[in-house]
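Just so it is clear, A, B and C label the chains in written order, and each chain counts residues from 1 on its own.
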Amino acid sequence: MAKFATLTQDQTRSIKLLGLPLVYALLLLAVPLGAIVLFSFWTQDFMTVDTTFTTANYREIYDSPIYGLLLQRSLMVSGIVTAVTVLLAYPVAYFISFHVHPSKKSIWLFLITIPFWTSYLIRVFLWKVILGYNGVINSGLLQLGIIDEPLTFILYNVNAVIITLAHAFAPFAILPIFVVLEKIDRSLLEASQDLGESKFSTFLRVTLPLSMPGVVGAVLIVFIPTIGDYVTPELMGGAGGKLIANMIQTQFLQLNNAPLGAALAIVAMLCVTAISLIFVFLNRKYLRGRT
Amino acid sequence: MTDLIKLRGVDKYYGDYHALRDINLTIRAGEFFSLLGPSGCGKTTLLRVIAGFEGVSGGTVMISDKDMADVPPNQRPTNMVFQSYAIFPHLSVGENVAFGLRKSGLNKADKASAVEEALSMVGLAGYGKRAAHALSGGQRQRVALARALILKPKVLLLDEPLSALDKKMREHMQVELIRLQRAVGITFILVTHDQEEALVMSDRIAVMFAGEIGQLDDPETLYRRPNSRRVAEFIGKMNFLPGRVTATGDTITLDIAGFGVTDVPAVQAPEGATLGEAAIGIRPETLAILFDGEKASRHEAAAVVDEVVYYGDMTYYDVRVNNVPEPLTIAMKNMIGRPVLDVGAQTRIAWDERAIVVF
Amino acid sequence: MKLRVYAIAYLIFLYAPIILLPIFAFNDATIIAFPLSGFTTEWFAELTQNRALHAAVQNSLIIAVCTAVFATILGLCAARAGAMSDFPGKKGITGFIMLPLVLPEIIVAVALLVILRQVLGLSLGNWTIIMAHVLICTPFSIAILNGAFGALDPSMEEAALDLGESRWSAFRLVTLPLVMPGIISSMLISFTISLDEFIIAFFLTGSNPTMPVYIWGLLRFPKSLPVIMALGTILVALSVILLTIAEIFRRRGVRRAGGTDTGGFL
């Protein structure tokens, strides 16, 4: 408490200002999150909620294979989507940071972010138009005579979900990498070449390690939210492409089993958080001394 | 002159960091006062305490005998010229200068003529319509001055106002600032870490070290009679020789290594100087190399040239004198017919006991 | 050079679906497939007839405007506090407020649904969506306004104080005009996000659907697909315009406050 006694006026004002958004986030984020944790230990009894403490929901998730399967599939899809987006995004971020004239950088970033802001639902749906049975790809390939029958492995399965999600999250992956690349002192690269490294080995030994914080950021900012998407698997996944988010949505909105849905949401969150923490831990040597 | 600002026992903490330590300071109405000190010693903090941007942790700040403890910066009779000038980029030059007149109750025409007057005072007559962000560094500084002076504050606070300017412009603005201060008669408090700037411009200078005032005097006293080694070292250059005080009284008898025994008036030593070891300070320009045929007016000593640094108008010699542990630096004006000595040359130097400072 | 080709190919990949929108919106056929059959504006005409759609659009606009205003107010508080002195715990609090940026939207949706419906027993409506959208838009607003406040010389406001203004009028006369481009940019971005948001709105929508929820319903009926294409075309055009304006203001803000521009949003 002694610390607070010596707060400057400026600090007091800054605390007061931050109070409003903080209270808002507490009421609309912390309290509701607490509520679903509580709910996950209760059970649904037809129309009412039985508030006796029980781990029944968690046991059910553990026992029925369907939840495990969905969770596994979700994590796998998110993992692949993350790997694909980050790998595809890195060269673009590198290109913009190192090869685009400074005055043109913001226009490139702007072009990349625009699709991200435009009507998500319709964008996902458009992939259906592209990949569908009568879709752009199939009708195009048929007309060109490359195939005789429409391809079916590109819609209503996990592949389609991955393609669509990778497309949707692309800008998310580019920005954090770009920001870190921009901060790299260019004289470090010259120093490395001066010390006898080739351009490519300079990239491997200097640029890449220095940009790892951005890569880690990109991985997290893609991996975590993709778990929560139920639109893409619903529209693109078919029966075999449903994910855990669809199950959570079903429990809440169709089966009216909020406690089980809450438990599923918490399990999904815990898995994502655990994987993210492990990932950050594995990359800790790159993150040291940075924020 | 009447006292305008009085600081009594002012302390300032940033968390655990003691930025100002028991500052006692009186600044007189109408004087050009400078706060001088190395980076991080607390000059800006002291200025911001006077302006009211920082509260004090202890002690009082009085302006015109009024305690400023509960007076916010917008109600203090002080105005500030910020180091970055803080010219509002969304306003024109004229709007910037008129900014503080919003609640003055002046009508439009009076405001306009006040702005024009303030602008011409700083040499920017006719610039009122210009966009503020299109000004050069020197012009921004003038706008900042006009904007503060138009309010006729009792005190103008200037935080390193010249540090962003190039050398030529800086010297020019030093003269302008002195002229301006004489013209308006307002008390100026200038923060600077440039000792030359402080010496040139100020009526009095407070030298600060690590949150404390080391010495407060007029420029000449400060230069000729620094009261401590750190002040002496911070302002100009000084040679230090080991010595001993062998007698005290109205005159003090010194036994200086290499120079021998001499008497100096008591004012050249700290008050209550005692017998025993003392450091003897001599400024480089008060020593002189004696060239062939020249004679010292007071004392001389044999020396060997150890190092020569040629500056064009001046030559700095480092010379060794028997029994003096460190070489002494001597600043010599390069005059016609006077050669530049080589390293290793045998020579004689002249010294004057009136230029000695005892620490 | 190779990198440039790759980057351009990547941009094409990003834009591929969107480019299809106008193509099919003006295509004179009920099935969405190649080859194209002819030009028509019939689908746009149909949009103007659809009462339910108009109601949904109206709902969404109300929600988006409220979200833009409230999220920007919260963002202003946080960004201004961010530009002031640090105090113990400030980083943690800011991190917590920014959390919705990385939280899966479905988690936010179910958490709010539980607390509003099950715990408090309230009925859902536009205001529940507004609350949730403010929560997820505030971090974006903070990110944009941090840029505006970060580029601002802190002595600007002190100079106004020094010249006799009160704290509030110093903010109003100096800081506010200087960060105004950032505020406009933040409102436009929040507006765009809210207008487009589906995952949370689907959970929290009451009896009157928002526009994305209404579109979601339409997606089941193959007959309505060309109309969706027409609607999508309009929406994309609208977002591009709004975002372009937002970007222009954001850059102007950074420049006005004297900084140099390096990045986009986020």
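Observations on the structure shown:
FYI, a residue touches a chain if its C-beta (ideal position, glycine included) is under 8 Å from a C-beta of that chain, and two chains touch if they have at least 3 such contacts.
Just so it is clear, the model here is predicted, and its values are computed rather than measured.
Taking the mean of all protein C-alpha atoms as the reference point, the chain centroid lying nearest to it belongs to C.
With every chain reduced to the mean of its CA atoms, the largest distance from chain B is reached by A.
Chain A and chain B have CA centres that are 59 Å apart.
The geometric centre of chain A is 18 Å away from that of chain C, both derived from CA atoms.
Distance between chain centres (mean CA atoms), chain B to chain C: 55 Å. Contact of a single residue of chain A with at least two other chains is seen at positions 3, 8.
Chain B makes touch with chain C in their complex at residues 51, 53, 72-75, 78-80, 82-84, 86, 88-90, 99-100, 102-103, 133, 147-148, 151. By the touch criterion given at the top, residues 153, 155-156, 158-166, 170, 173-174, 177-178, 256-258 of chain C touch chain B in their complex.
By the touch criterion stated above, chain C contacts chain A in their complex at residues 3-4, 6-7, 10-11, 13-18, 20-21, 24, 31-35, 73-75, 77-78, 80-81, 84-88, 90, 93-94, 96-97, 99-108, 110-115, 118-119, 131-132, 134-135, 138, 142, 189, 192-193, 196-199, 202-203, 212, 215-216, 219, 228, 231-232, 235-236, 239-240, 243-244, 247, 251, 261-266. Interface of chain A with chain C (complex): residues 3-4, 7-8, 10-11, 13-15, 17-22, 24-25, 28-33, 35-36, 39, 49, 88, 91-92, 94-96, 99, 105-106, 108-115, 117-123, 125-127, 129-130, 132, 134-136, 139-140, 143, 167, 170-171, 175, 178-179, 182, 220-221, 224-231, 235, 245, 248-249, 252-253, 258, 261-262, 265, 268-269, 272.
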